[in-house]
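Both complexes shown next keep chain A, but they swap its partner, so chain B is in the first and chain C is in the second.
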Partner chain A sequence: MQTLDLQEIGLREVNATLHAQAENTNQTAWEIVNPKGAHAIACGLDAPIEVTVRGSTGYYCAGMNQQATVNIAGSAGPGTGENIMSGKIVIEGDASQYLGATGHGGMIVVKGNASSRCGISMKGVNIVVQGNIGHMSAFMGQSGNLVVCGDAGDALGDSCYEARFFVRGSVKSLGADCVKKEMRPEHLELLKSLLDEAGIDADPSEFTRYGSARNLYNFDVDNAGAY
Partner chain B sequence: MNSHDSKGIPHTTPRQSATFTQDVNSDIRRAAATGIYDIRGGGAKRKVPSFDDLLFMGASISRYPLEGYREKCETSVTIGGLHASNPIELDIPITIAGMSFGALSGPAKEALGRGASAAGTSTTTGDGGMTPEERGHSSKLVYQYLPSRYGMNPNDLRKADAIEIVVGQGAKPGGGGMLLGQKISDRVAEMRNLPKGIDQRSACRHPDWTGPDDLEIKILELREITGWKVPIYVKVAGARPYYDTTLAVKAGADAVVLDGMQGGTAATQDVFIEHVGLPTLAIVRPAVQALQDLGMHRKVQLILSGGIRSGADVAKAMALGADAVAIGTAALIALGDNDPKWESEYNKLGTTAGAYDDWHEGMDPAGITTQDPDLMARFDPIEGGRRLKNYLKVMTLEAQTIARACGKNHLHNLEPEDLVALTMEAAAMARVPLAGTEWYPGKPGTGY
Partner chain C sequence: MCGIVGLFLKDKSLEPQLGNMLTDMLITMTDRGPDSAGIAIYGDDSDNSMKFTVQSDTPESDFETLAKDLGDALGQPVQVEVNSTHAVLIVPAKEADSIRATLASIRPNVRVMSRGQTLEIYKEVGLPKDVAARFGLSGMHGTHGIGHTRMATESAVTTMGAHPFNTGDDQCLVHNGSLSNHNSLRRKLRREGIHIETENDTEVGAAYLTWKMREGASLGEALESALDDLDGFFTFVVGTKDGFGVVRDPIACKPAVMAETDQYVAFGSEYRALVNLPGIEDARVWEPEPATVYFWSHDSAPTTKEKAA
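Then we have the complex of A and B:
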């Protein structure tokens, strides 16, 4: 394993080294030590490498990730994995707000809890949270799946489009145009595959599915009160 | 109409209300019939103090001019040299503003790229991402990073020559974009990851940052992802230009794009366009003042937009301290938007050439602001590109003509002292003297 000491070589050197890894690199295992909450660690990766950050991170760790697996052995700051395209991010601790914002693909796994606006404007990413998530999560979510093994806060899925939400515990309230939906066999299958991929042991039948009622897709003056 | 009533008493002349004008009454009738606010494209149509209220004095005995066709007047500008290793070098200080694929057709975006490249300047993406035709035909392409992040991906980000973080737009400070169902074609839907035919409302705030301290970290992330190579602009609407410019510079912007209320939008509420935001004339001096107070004028570039139409506007913007301008609506008109040759078709849509602004409906007779294949086929991107290049060249020649007349060998050497104002309002906003006086309202030391 290659070790990068962030305090010693600085953020630019850490990221430039990881960005320099080619598609066919044989140096696939990396660790970053002494992150000390720095921002923008391991953002913009685009190679099939596995990077472990030994500690907690600041804003935008693994932002816009492609192909890489990034493990955060600590808690993660705001906007972690924002606009992720592919690959996987695993957070051992808790995640701050805007986790996976606008993510287009790939998977983010949180072993702890995720804060408010988790999966905001998600566009295809799959997010699996072992604990709870905060308010306004998946606001304007377009596509992808948000799985919550604990509880969800206020206004889940407000103004969402085609994103799907699976919650095992309670939902404090649903946002505008977000409704409870029937869990059909294909959804149970999908949920099982997401939990398996996230490495989380939970029974899909205990979850409830939520998604868009599609009433706000085209403006209607009679719905004006919903906004 | 009889001039007298049946008893022989003269009628008074029918008097239209200055408050309830025919325009206002038609707005009320439309609202009453539909229950929905009016949505349209374009910028503010109301009359506001503008660059038309300023004049250059030219040369005389105390200043001498440059020879029109003999002595050089430079027009080049470098944007983003403060932090970026590859700043943008433009031959002319007139750039093409961000306009989305979705709002505009693919061929229209291509034409903007062709025209801008031929004239030695940059063009800009918009909400909806970067299209191959636009990248392919734009020698310098600025990639907008918008709240919606539609079509946003790091591969395109790395292909960009600069990144423009869009915080706001002059037509709608504090509002997000709108693309109504009629224009969500298969291709647009796929790029934006949305169901076809829905009304798409872009977010008004970025999803993963709020405030100037976050913006600084967002800029750091974008620089790390692009290797500190390309400039990062921050675009703000004309609202609080002194503070917004200060905060953008503090957050680490290489350039500030400032958009006045005459700046166009693809679609938003008419009430928003006409009643929120500041005129372009009013925002440039406070922004320049902010840069000067920070010691950053000419280091962080100021790009001004919103109703720029001619070389005179370019010269006035630069005299007031801008480093460059951006044009949107004017570029569309150069391509053929609102051309009277389509008058009979505009009439069928209930409008007339010059007034057509229902771009969101996707029925543009000129084939520019549409996704309809039949209408799009009316527009030739090669001819459109040629027309835009010509227009950009003319604007540049006009600005040079004025600069030489003021004795300036570079457009950047134009200065506020070259200008006077025709009205008190313009004098106050531009901070240049009322013509024939030494005074403007608010001039330090004058007691007013």
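Then we have the complex of A and C:
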């Protein structure tokens, strides 16, 4: 395990060191100590390495991640995993607002709660939250899956496209054009595989599926008054 | 963008270090607000007197004989403690209501930053570290305090545009965000006779709270109605004589992190601001919910109902 002390060498040196790891690097295990809520820790990684951040992080930790696994042994600030392409991010504590915004692929796991706008404009990322999520989550979600083992806040899935949402607890309110949907066998199977991949023990049959009613896809003159 | 920090001490043994801890938090938030900085500190209780923190752009000439001139005008002795561009006036409580008018006539260029029994407000333009050094903030003691670093968006970078704003005796407001209906609200509040000095949006927010409380609302009720009447983005932290309160607008774009231990309750715009506090590793850390008014006071456990002030 290689250890990088962020206090000692600074953010640029930490990130440059991780960026320098090639596809076939032998140094696959890294830890970052003394993160102290700094911004943009382990952003833009693109190698099959595993990085553990020992503490809480600020804005945009592990943004634009590809291939790498980033563990945050603390809580994560706003915009964590923004535009993740692949790989995995695991947050031991809570995540702040717009977790995994615009994420195209990979997986984000939150062991605590996620705040507002979780998975906003998600485009293929899978997000699994063990606790609750805040308001306006998955706003304009286009693709991918958002799994919530606790409760969801106001306006879940507002104006969503083809992203799927699985919620075990209550949903405070659904956003425009987001509706409850039937759990078919293929959904139970998908949810089981997502929970397994996230390492979370929960019974897929206890979840409800939500998704787009597809009424906003095309302009309807009856909606003209709504604009 | 702006930065807010707040620290409310439960452990009295930390009171001598309040200024030091708050200054460290404030300087960490420089990235969020390098234009101006300010701090509201709740220190010694002035018993039967009232404290006014005043500011002047020409402190040498304005403050030199202020104690004597103000004392002569009131017919009462007045204590004046000068601190850079600011001075704290300690006057008998029964004279408090006449101070603003008296100052306006004998020192027209002196501006009142705060009024209260324990509250003092210090604020100036410049980098937070320079503002902190100018006033010796790190040496101040007290029970609780609030700091603000400003990145101006809605009005000019001036001392009067800096935060905190005094809303009533021993009460103050700091703001991260921007209000979009401040022009119409300013006209309305001025018609109601509320004094508003600048084109700043937060001053309107503070004046709104002052007006609501003048009409009989508690601070908690005033904050609740602010959720309906203020249009725009805000995370507000309000200081009161025995604690502080937090409220975020329903959209809650502006960040807020809180931490609580047996020794303190702390507020930061970012977790970074809190990392040097004692025992932060084991603190309970969370984000305040949108559209919810929180208060902490020395008198009671945390509550979302108004208990302080």
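What we mean here is this: the second predicted complex is superposed on the first by the 223 of 227 C-alpha atoms of A that agree within 3 Å, B and C clash if a C-alpha of one lies under 4 Å from a C-alpha of the other, contacts with A are read in each partner's own complex, and residues count from 1 in each chain.
Assume contacts are C-beta pairs under 8 Å (C-beta built on N, C-alpha and C of every residue); 3 or more make two chains touch, one makes a residue touch a chain.
Given the structure is predicted, the values throughout are model-derived calculations rather than measurements.
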Task = Report for A:P78: first if it touches chain B alone, second if chain C alone, otherwise both or neither.
result = both
Task = Mind working out whether A:S143 is in touch with chain B, chain C, both or neither, as first, second, both or neither?
result = first
Ask   = Residues of chain A touched: more by chain B or chain C?
value = B
Inquiry  = With both complexes superposed on chain A, which partner does A:Q66 reach: first (chain B), second (chain C), both or neither?
reply    = first
Request  = Quick one: classify A:N126 as touching chain B (first), chain C (second), both or neither.
outcome  = neither
Task = Pick one for A:G58: touches chain B only (first), chain C only (second), both, or neither.
result = both
Request  = Considering only touches as defined above, state whether A:Q21 meets chain B (first), chain C (second), both or neither.
outcome  = neither
Key: Overlap of chain C and chain B interfaces on chain A (superposed complexes)   = 39, 58-59, 78
Note = The answer for chain A against chain C in the complex is residues 36-39, 55-56, 58-59, 75, 77-78, 93-94, 96-97, 115-116, 134-136
Key: Partner chain A, residues of chain B touching it in the complex   = 34-36, 148-149, 152-154, 157, 180-181, 192-195, 197-199, 203, 207-209, 214, 217-218, 220-221, 224-228
Message = Under the definition above, what is the set of chain C residues touching chain A in their complex?
response = 251-253, 255, 257, 270-275, 281, 285-287, 290
Key: Residue ranges of chain A touching chain B (in the complex, touch as defined)   = 11-12, 15-16, 19, 39-40, 43-44, 46, 58-60, 63-64, 66, 78-79, 82-83, 85, 98, 101-102, 104, 117, 120-121, 123-124, 139-140, 142-143, 161-162, 217-219, 221
